[in-house]
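Paired with chain B in one complex and with chain C in the other, chain A is shared by the two complexes that follow.
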Partner chain A sequence: MKTLVVISHPEIAESGSQQYLLSSVPEKEAVTVHHLESIYPSGQIDIEAEQRLLMEHDRILFQFPFYWYSSPALLKKWQDDVLTDGFAYGAQGSRLAGKEFGLILTIGVKATAYQAGGKEGFSISELTKPYQAIAMKTKMTYLQPLVIPQFAYMQEKQKMQLLIAYQQMLTREREDSLASREKWLIHELEKTDPATLASGDEQVIQQAIERIEENRETIDELDAILEQVRQS
Partner chain B sequence: MKTLVVISHPEIAESGSQQYLLSSVPEKEAVTVHHLESIYPSGQIDIEAEQRLLMEHDRILFQFPFYWYSSPALLKKWQDDVLTDGFAYGAQGSRLAGKEFGLILTIGVKATAYQAGGKEGFSISELTKPYQAIAMKTKMTYLQPLVIPQFAYMQEKQKMQLLIAYQQMLTREREDSLASREKWLIHELEKTDPATLASGDEQVIQQAIERIEENRETIDELDAILEQVRQS
Partner chain C sequence: MEEKEWITSELERVYHNSRDYKQKALLAETIRLLQEQYLRIEQKEGELDGSLWSPKDW
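Moving on to the complex of A and B:
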């Protein structure tokens, strides 16, 4: 599976969360990172090149800070320019049909602010309806989004969890079982080359391995107990 | 009441619906029309000027073609640049609090396409949640939107109705009674100077006057009948 991450952020160098995510992109996987403001500083988009890029990937992800309940302007321009009638939808069918489409959103407030009665008043599911409608119109499968609240306040443990969730969003095939998630995780962790890691990240990965091994031991113990219960 | 119409359309000169709406703006009312792509062709927005403009008006309307279930990119940039923390929301309160906020949307398909099971799959109310959230965050009152489907296919009668609905969106105070709507309409029609009208529009206005007079006669007759029924 090949994944395209279309990032829109006007000041990506100053964004701690975006830099953390960039440093978390798995290098040995088929992931293309595509930061629009770097590639098109003038705002003029190469439509054919973008359409080719989309065709070459199976999973399309939009990654952006949730500005006024939507993306930064350049990603909107990209949508309007690139997702044309005859390519993304229309009588000739969608060239994107069957691909997967998802959002990776950074938000500045707690996740609980996004609900009726909360500070933002509406849920992320409500506010992202336009993207769900894009998926429907282009016949792509809409993925569960990855919402990243208040990165600046995250503890190391939360960042570790985010690293894993992000890598899963980018590379894990859609399967639901715990076993498949473990399989993915062990595969990823075994590939890790400590020499390529930023300072501190090696420790994070070591913690992740220990956590998953502990979990597996716990699950195996519970399985054994359950088996005894069944037999008694 | 002063109304600001913030229009975003990358090719407004080629848009029949936008040109019709521009020609329908009531000249003798306190309406400011503000087409972003004309004012900021480079995309660089004068934030202070825009914030002053907002402060000077009581009703803020966004008028745009519904591209990918949202606005063209320049209006999104305007939102992100102009609606700043400390001006539009935040600890110091919103300078926009108490104003009215609404959308005027042109759409390329039938209105019925926007529903579950329809071609677009989601309702306009669902897809415009981000704008409803903006109203909530800035403490503005969200108005019922004016949705204009398939202008190119409209008959003269429908265009007449659109003209009236548009002028009401721009200048009618929020009141619900039929009498207040009639009052508004008669006020508007009486002000009309035929010399300033584009060819054909005079006829449209004449038709509108006749229609409202007929309606009033019908209502008066029904009122009389009802009165007789009550007394018998």
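Moving on to the complex of A and C:
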């Protein structure tokens, strides 16, 4: 799977959260990071190049700070210019059909602010309806968003959890189950660099992989027995 | 020591010895996922015990 991350942020160098995400991009994976303000400082978008880029990827992600319940201006312009009739939709369109589409949003308030009764009053799912409609119109599958609240207040442990959630958003299969997270984690453990481990610790990584696999077998066996018991 | 505690403490040791930030995050996630698996097993075993002792089967 090839993933395209379209980032829009007018001051990305000054953004702690964006810099953290950029440094979290998984290595040795088919991920293209595409920061619009760096590529198009004048705002003039190369429509053909952008459409080609979209065609080359299977998962399209928009990453941006949630400004006034929407994206920074250049990403909106990009949508208007690139997602054209005949390419993204319409009688001659649907070139994006079958791809996956998702959002990675940084927000400046607590996650709980985005709900009925909260400070913002509406949920992220409600406020991102235009993006869900884009996915529907272009026949892409809309993914669960990754919402990053108040990065500046995160502690190291939370940042590490964010790093993993971000990597999974970029490279894990869509299904969000314990089994799919196990599969993703094993793949990552298998390719982790032994050079940065202490001598002999590689063996512990191998034992952890085996443990995860054995636990999965146990869970599946228990499921099968429970199913039999329910039927009897 | 139970296997569960053993693998967790081993992974914690590996985490502290690792010299790479992303690798540390991966190791922390491995500890979390293993805990989730052990909890899932415990819950399913509990469910099975409950099912086997269901009064409707008495």
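Here, the second predicted complex is superposed on the first by the 187 of 232 C-alpha atoms of A that agree within 3 Å, B and C clash if a C-alpha of one lies under 4 Å from a C-alpha of the other, contacts with A are read in each partner's own complex, and residues count from 1 in each chain.
Here is the rule we use: a residue touches a chain if its C-beta (ideal position, glycine included) is under 8 Å from a C-beta of that chain, and two chains touch if they have at least 3 such contacts.
Since this is a predicted model, take the numbers as computed values, not measurements.
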By the touch definition at the top of the document, which applies to A:137: first (chain B), second (chain C), both, or neither?
first
Which of chain B and chain C A:39 touches, first, second, both or neither
neither
Partner chain in contact with A:163 - chain B first, chain C second, else both or neither
second
Considering only the touch criterion stated at the top, classify A:196 as touching first (chain B), second (chain C), both, or neither.
second
Comparing chain B and chain C in the superposed model, the one touching more of chain A is C
I'd like to know which partner A:111 touches here: chain B for first, chain C for second, both or neither.
neither
Taking the superposition as given, does A:208 touch the first partner, chain B, the second, chain C, both, or neither?
second
Kindly classify A:74 by the partners it touches after superposition: chain B alone (first), chain C alone (second), both, or neither?
first
Spell out the part of chain C that touches chain A in their complex, as residue ranges.
3, 7, 10-11, 13-14, 17-20, 22-26, 28-30, 32-34, 36-38, 40-41, 44-45, 47-48, 51-52
Of all residues in chain A, which touch chain C in the complex?
24, 27, 157, 160-161, 163-164, 178, 181-182, 185, 188-189, 192-193, 196-198, 201, 204-205, 207-208, 211-212, 215-216, 218-219, 222-223, 225-226, 229-230
Under the stated contact criterion, what part of chain B meets chain A in this complex?
43, 67-74, 76-77, 79-80, 83, 120-122, 126-127, 129-130, 132-134, 136-137
